[in-house]
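Next come the structures, one after another.
Two complexes are shown next, each including chain A; its partner changes from chain B in the first to chain C in the second.
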Partner chain A sequence: MTALLDILIGGVFHAAVLFLVAAGLQLVFGVQKIVNLACGSFYALGAYFGITAVSWCLAHGMPPGLFLPVLVVAGLAIGLIGPFIEALLLTVYHRDEAFQLLLTFALVLMFQDILRFFWGADPQQLGDLVMTYGRVKMGAVQVPTYNLLVIVASIAIAVGLGAFLKKTRYGRILRATAENREMSLALGVNVRWMYASVFTLGTILGTVGGALVVPTAAASLDMPVELVVEAFAVVVIGGLGSMRGAMVGALIVGLMRAAAISWYSELEMLAIYLVVIVVLIARPGGLFGKPLE
Partner chain B sequence: MRAAPAILSIVALVALAALPSLLTQYQITLVLPALAYAIALLGFNLLFGYTGLLSFGHALFVSIGAYGTAVLTSKLGLKSFEAILLLCAVASVAVAIPIALLSVRYVKIFFGILTLAFGMLFHSFLFKFYNITGGDTGIRVLRPTLLGRAYEDLDKTAFLVGPFYYYCVVLLAILGFVMWRLVHSPFGLHLVATRENRRKSEYLGVRVRFFRLIAFAVSAFYCAVGGAILAVNTGQADPELAYWTHSGELVFMTVLGGFANFFGPVVGAFSFIFLKSELMGLTQYWRFWLGAILVILVVLFPRGLAGLFAQLWARLHRSTPT
Partner chain C sequence: MDQKRRKLLQAIGGTGVMAAAQPWMSAPAFAQNTPVRVGIIAPKAGIAGTIGECGLRGTQFAVDHINATGGIAGRKIELLIEEETNPKDSIERLRKLVLQDKVDCVQGIVSSGVSLAMGPVAEDMKALVIFWDGTTQDGVKETMPSKRYVFCSTDNECEAVMGSLLAIKHWKGQFKTVAGINPDYSYGRNNFAAFQALLKKYNVEHQVVADQWPKVGTTDLNSHVAALKAAKPDLVFSSLLFADLPIFMRTAHGAGLMDGKTKFVFPAAGFQHTALKKSFTPPGMIFGHNTLYFDYAKGSDLQKQFVKWYHDKFNDYPNWEADRAFFAMAVYKAGVEAAHKAKGGWPGKEDIISAMEGVKVQSLGGPGQMRKDHIAEQTFYQGITTHDNKYDFPTLGTVDVMYSDQLQKGTGQDFWKWIETANIKL
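Right after this comes the complex of A and B.
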């Protein structure tokens, strides 16, 4: 029972962070039809920048309890590199998918060294700052309050994002552009602005995800390339372009990873890829995606 | 003009054969991986350039070649490199067929993601199942015999830059010739037809999935041969070979050379290895510069180096009246 609860909470926590990155991936794919391999790099960038921001604030006399808002602000701030990256992607929107994928792969390579240049090759972490919020007793297990806060924050972002896309004028235009780019262009939608803002939103989701995870795990140079395959698994299981899919996919991947780690660690990633392959074979469009062709 | 590719290939092969007398031993050890990648990419480009399917998981087949060589030489005691190449290639095709059966239903991004998932599946198997695969350290590769000769009088480097080097050049020549015939056969034209317009070629009776499957299997064959050469060169097969970033490098090299040209992948393999070693010598941030070069390539020169040469060549011919 204790083990099960551990898996459940650990899995949901991982899913909460994965969801943020995957949601960014889905937004960008939905509107721009680009699969962004560099989403993992944004995540890692958020993580490293979060560490730097919190350490700087602590050094300047910030009470440790305020580290959560600092992390969120740091994630939001560094996400503003989005428009610059988007300006680069502008060159390949009308080109073959191979070039789009390759361009984002080039970004992965470049970010790898940008991170190494600014933060060095050694993994970085925030120490036991996470314990400043204490623990919550849930039945037989004790969970750091911070982890629960992140889960709540992620759910709040999911709900907010859903309402934003469904209810606001911007959200409606965004969905219309995703559905039919030419038609929205003809109707006078500023597609240029749409693309730049959506990509930035996607970037911010990634960087905030990275910043939020960093008190519980070290930031390392393997982070970007490892996370991107997990985020891919999430969107493929859920269905490319679907927000509900990202949520369900993140839960499946998060829980499976937590379960595999505690029961049979050899299976960790293997199990996830197997699910991906099974889903692609049984439901090629993913659980919530549109059927193909 | 029809003789130009043949002349070009012969000149290139003679140049390759002459290299050991021109370069230092160290430089030749850099040419060896280029030869390995040239072979692997010739196969990869049958799928990417000719069939129009972008795989982000072909490092899987390279690593089958590498691990196959490692297991056969150091665990099973098989030393004949001809037998090793054949077994690895057959194993690679055997793995490729079920993967292809599942993947060739898709095109574009889904094909890329599915192949990436299969590649990572194999990587996590190599990485996690320590008892079978040696985990992150991998498996040692022992020196194979070439055409039955062991070359015991030579040390490791002398063996690699001597007989093994020439062996690989000959291998590239043979496999390159076979690929040339393949893409210029009706089979190759079928592939291009399915890439250009799937519907129309179906109406004309082309069995699209079947042809894609064959192209996939052939590419796996070539990648395994390349992987085997790589493994002998480094003396080690490790899981990094199967990681998705390695698959990305394969795509990088092909685009660098130019996937629209038959010789593009070979040019790409050589220039990538040269570029990478030069950059690594200059700065520890070579990945950044590689990425920057890839950005420039994608944005400005999507037809790669071979496309650039072809353009220059055409301009040169236009300006000189004959």
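Right after this comes the complex of A and C.
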């Protein structure tokens, strides 16, 4: 039972991280119909910037216990590059999907060099800061409190995002724009602004995710690709454009990975993509996506 | 005009023939006045970036030291540095150094993937190459048994063999269930297999209850740690060695894997020693520092001088790559000077190579030599960690020292058969 709980917590933690990246991907695709490969780069950017912000604050006398709010603020702040990146995408909004993929892939490569330029090629870490909040003990199971905070933060963001999209005026307009862009335009919706704000929100989800997870891991140049590979599995399983799908997809991928690692670690990726293939065959639109015609 | 041109060409040609016929007239003067050009190919970026940087610092120290004391047989060293990346591009840089920059010797290479591909090319080009940390082994099998121009480091498995021997020496009878978490490529696989083979050789009853193979660069090891914890091993053997090692240590500590009586063997921990902070790295583990343990009380004056220079200059403590780089330069210097002495003048490449075979040198970490089959022998350091020191990371409380003739197979031997038959003193 203890072993199962350990594996479960490991899987849920990974799912929480994946959700934040996949949610940004889903949001942008849902509204703008752009498959944004650069979502992993935003995640890495958040991680690097988070390390810099926390290191700077610690060097200037900040008590270590305050590193969590600093990471959140750092993730939010660097996420504000969203509108500038979105301006680049203007050129491909009405072009073939291949152009969109090429442009966002170019962004991945460019960001890799930007990260290398500012932070160097060596992986960056925050030492033992993650243990500042101690550990939670549940019988024989021990989890760093910080890991549980990341899971809680991810759930809170999922709930908050859901409520924001469903209950607020902005959310309703956003969903309407996602459903029918032309009709929204005809009704006077500022679609241009809507696109910029949605893309920024998607970027912030990625950068905050990266900043939150970095104390438990390391910021490295390989992060974007590593995450995107799994984030796309989440999206395919959950259904492209569905926020609920992102949540369920992230949970499935996180738990499948944890189970595979526990029982046969070589099959980590195979296990995940086996689910992807099953979903693609049985329900091509994903578990919560619109059925394909 | 044509006649004038012909005469001029004849004159130039005649001078050339004379120079070729009497090389002794100009060569020694040329040799003494020009530096020895040494090309270095080392990683500067990626997961091996910090390791390459440490090696480059070791080279710089060696060159400063050699140039300040008269150079190599009277000639100073000039370095030409290129970056080690993937095998294809690294080989292109080797070609550039040899063909374009006309270097006398090439040193460097950390990745065995690169050295394995570069070895045959260097042989084909007749380029004298000394690998820092690269071998020409495909797994544990030597692919170039009779190489002429390529010189390799000690076998990759040396640290795993020593870590395994220390685990048996210190903890035999205290563990039955073992688990492994090792990088998912031939290095990690061979190391864990060597550990199990040595347990068998020394009749240590054991059962492997978990084996984890994270890919190099994995940054979330929570599930791997959960799997290890679930297996409840008495001993964990891990040859993680890049940035994933501190991540593993932090994650394992956070999950309580290190709270019980589980023992840990990290044969390659020395690559990350300063990143493994005391707060999440408990004492009492076996750590391998390979061929350079920076804090060795009985270390030579040369080592102490280097560690001080390194710390003063970079505010850091060196790992073994610095020693590998220093060793490569020391072997080349010793080879050239031995050949120079024997010949009574500047030696050719073939003379230098012959002189390097069997040469003995004093490296930063201790004595070493280049075997006649072009594989290095060096001194290795491992031991049990302690927190009783002035640093914020663990050091070795007890230091075991072994020479690599006890840790690596002999010329032409099969590694697994060598493990079975070798007479190793525990």
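Some points to look at:
FYI, the second predicted complex is superposed on the first by the 293 of 293 C-alpha atoms of A that agree within 3 Å, B and C clash if a C-alpha of one lies under 4 Å from a C-alpha of the other, contacts with A are read in each partner's own complex, and residues count from 1 in each chain.
Here, a residue touches a chain if its C-beta (ideal position, glycine included) is under 8 Å from a C-beta of that chain, and two chains touch if they have at least 3 such contacts.
All values derive from a computational prediction rather than experimental measurement.
When both complexes are superposed on chain A, chain B and chain C end up sitting side by side without clashing.
When the two structures are aligned on the shared chain, A:D222 is found in touch with chain C, with no touch to chain B.
Touch criterion met: A:V108 reaches chain B, while chain C stays clear of it.
Judged by the touch definition given at the top, the superposed model places A:L280 against chain B, while chain C stays out of reach.
In the superposition on chain A, A:R116 contacts both chain B and chain C.
By the touch criterion stated above, A:M62 is placed in contact with neither chain B nor chain C.
With both structures placed on the common chain, the touch criterion links A:R95 to chain B but leaves chain C unconnected. Of the two partner chains, both chain B and chain C are touched by A:E266.
In the superposed pair of complexes, A:A77 makes contact with neither chain B nor chain C.
Between the C-alpha centres of chain B and chain C, as viewed from that of chain A, the superposed structures give an angle of 60°, to the nearest 10.
Figure legend note: chain B and chain C, brought together by superposition on chain A, show a least Cα distance of 5 Å.
The intersection of chain A residues touching chain B with those touching chain C, taken from the two complexes, comprises 116, 265-266. Within the complex, the chain B residues that touch chain A are 48, 54, 56, 102, 105-106, 108-110, 112-114, 116-118, 120-121, 124-125, 128-129, 243-245, 248, 251-252, 255, 284-288, 290-292, 294-295, 298-299, 302.
The residues of chain A lying in touch with chain B in their complex are 35, 37, 88, 91-92, 95, 97-99, 101-103, 105-114, 116-117, 225, 229, 232-233, 236, 240, 265-270, 273-274, 276-277, 280-281, 284, 292.
Across the complex, chain A meets chain C through its residues 2-4, 6-7, 9-11, 13-14, 17, 116, 120-123, 125, 127-128, 130-131, 135, 137, 140-144, 147, 213, 216-218, 220-223, 226, 257-258, 261-262, 265-266. Contacts from chain C toward chain A in the complex involve residues 44-47, 49-50, 184, 211-214, 217-220, 222-227, 229-230, 242-243, 246-247, 250-251, 253-256, 259, 275, 277, 279-280.
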